[in-house]
Amino acid sequence: MMATLDLTAAQTVIAAALASARARAAKPLAVIVLDAGGHPIAFAREDGATFARLEIARAKAKGALGMGADTRILAERAKGNPVFFQSVAVALGGDMAFSPGGVLVRGPQGLVLGSVGASGDTGDCDEECVTAGLHAAGFNQEQTR
Amino acid sequence: MMATLDLTAAQTVIAAALASARARAAKPLAVIVLDAGGHPIAFAREDGATFARLEIARAKAKGALGMGADTRILAERAKGNPVFFQSVAVALGGDMAFSPGGVLVRGPQGLVLGSVGASGDTGDCDEECVTAGLHAAGFNQEQTR
Amino acid sequence: MMATLDLTAAQTVIAAALASARARAAKPLAVIVLDAGGHPIAFAREDGATFARLEIARAKAKGALGMGADTRILAERAKGNPVFFQSVAVALGGDMAFSPGGVLVRGPQGLVLGSVGASGDTGDCDEECVTAGLHAAGFNQEQTR
Amino acid sequence: MMATLDLTAAQTVIAAALASARARAAKPLAVIVLDAGGHPIAFAREDGATFARLEIARAKAKGALGMGADTRILAERAKGNPVFFQSVAVALGGDMAFSPGGVLVRGPQGLVLGSVGASGDTGDCDEECVTAGLHAAGFNQEQTR
């Protein structure tokens, strides 16, 4: 269980997430890692991923952090109350995207160390790549058992 | 009946709203008090409330003030005409959140002195804490009888 | 030496800063406390302080945090290179104000726990009130000896 | 002479720039690589670099690209006409920082492939790290002879 999300860890997450994307022949991805305050630590956009992918990845990661839940859960909640959640997205200045692929980075005792966001393929695929990246770097491993 | 929403009154509202939140074991809240011009007087974010909570609390308080109605009423109206109300949220630059918890502060003769917004738990719980805070500070008491 | 900047500590800083302002008959102040990620924990605006005061206090606190130095130092540096520092203020979206009164909150080993900003009187007076607030709450005491 | 600024090249630039920073004991840096459209390909923020460093690095890189010149040259020009250049910084919404460290990435025939920005130490040091990174990745080598 990693206790710190530093630059080395963030780069490991991104490299492993992109390796996972290539292994499953995903569309080109953008992946970003944010610290606990929502500020970027590292980012990579694969060749062929459009420029908007960074913004969507960032919005997923920032939204997960801001609401304290992965965007898979937030997207599910938003279906039941779209008007409220849409107004929240606007109130947060776009720091929100209701699709899987924004995942909290958990440390010991469930402490939130930051978050990761990916965009490029389907939300499910984006999230799988993020999860693969987090596991490779030693984060969030207990959640998968 | 209080006739002025000054800093002391705003801090009383916040302290009582947070005491109410703790008494009912609510999730960590952010509470903000705005003056009649929509400008913040005081704010507090409990330990464990994410950074987005301030923005959502602010959006509730500002939205109530901007539309001249508590967000409980606005959220109800928005359900019947989501496209219009969503465009309002965008037009207001995010100064709106369609969920209970944004409450107008009323003085004598119903004069609007400002507003209070809270976010962190359900909209209903957020609003109950705000109402408890307002009553403790001597505001809005006639509305509950 | 306090090691955590939680809501209770932030409110103590603000109360003591405002008590200091009243003791020295300062103009009405706005005071804000940010966490290490630059997100507000608490703030208060005294009766008579204009609405812009909170924005200026926030800009001082956020600028100190973003540049890793109190705004007294940044204001001094900006005098020698005004074009660069002005462009930084714009690049940071206004999260910067070149006047004393934005002060880093230091914990053990100099770790930055957050920052405090005040605005309302002269920069020197604003900063003195912030420092009084920080000392009252057990922060930054070694810097004054 | 590299003819393409893809993700692999961008990551090489960043890794070599940060290696150069560590070799010269620079303060913690943020480094960003933009494509010819001004959109980020990759970035990294070293542990200890404040969150504003990425914004300043981005502003340097974007400003160089937007004006078609390295920020060393732009900073020099701005000294002679500060009012105009400051208005440019505002007109560009903060996509400009008048300090060395924003460098155009040149391909064959001088074609602009993108730009790199760094922030954390002095402008001179930031630029030296960027140049080292570009050379390591096979860019801009003719400019130094």
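Lettered A, B, C and D in written order, each chain numbered from 1.
In the analysis below, a residue touches a chain if its C-beta (ideal position, glycine included) is under 8 Å from a C-beta of that chain, and two chains touch if they have at least 3 such contacts.
Quick caveat: nothing in here was measured; it's all calculated off a predicted structure.
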Report task. Name the chain pair with more contacting C-beta pairs, choosing from A-D and A-C. Result -> A-D
Query raised in the report: Roughly how many whole angstrom separate the Cα centroids of subunit B and subunit D?
Result: 45
Query - Inter-chain centre distance, subunit A versus subunit D - centres from mean C-alpha coordinates, in Å - result: 27
Report task. Please work out the Cα centroid separation of subunit A and subunit C, and write it as a whole number of Å. Result -> 32
Report task. Could you list the positions in subunit A whose residues touch two or more of the other chains? Result -> 35, 37-39
Report task. Please give all chain pairs that are in touch with each other. Result -> A-B, A-C, A-D, B-C, C-D
Query raised in the report: So in the complex, which bits of subunit C are touching subunit A?
Result: 35-39
Report summary line: Interface with subunit D, subunit A side, in the complex: residues 6-7, 10-11, 35, 37, 39-47, 51, 54
Report summary line: Given the complex, residues on subunit C that touch subunit D span 37-38, 65-68, 81-84, 86-88, 90-93, 95
Report summary line: The residues of subunit B that touch subunit A in their complex are 50-52, 55-56, 58-59, 63, 75, 78-79, 82, 85-86, 89-90, 93-99, 123
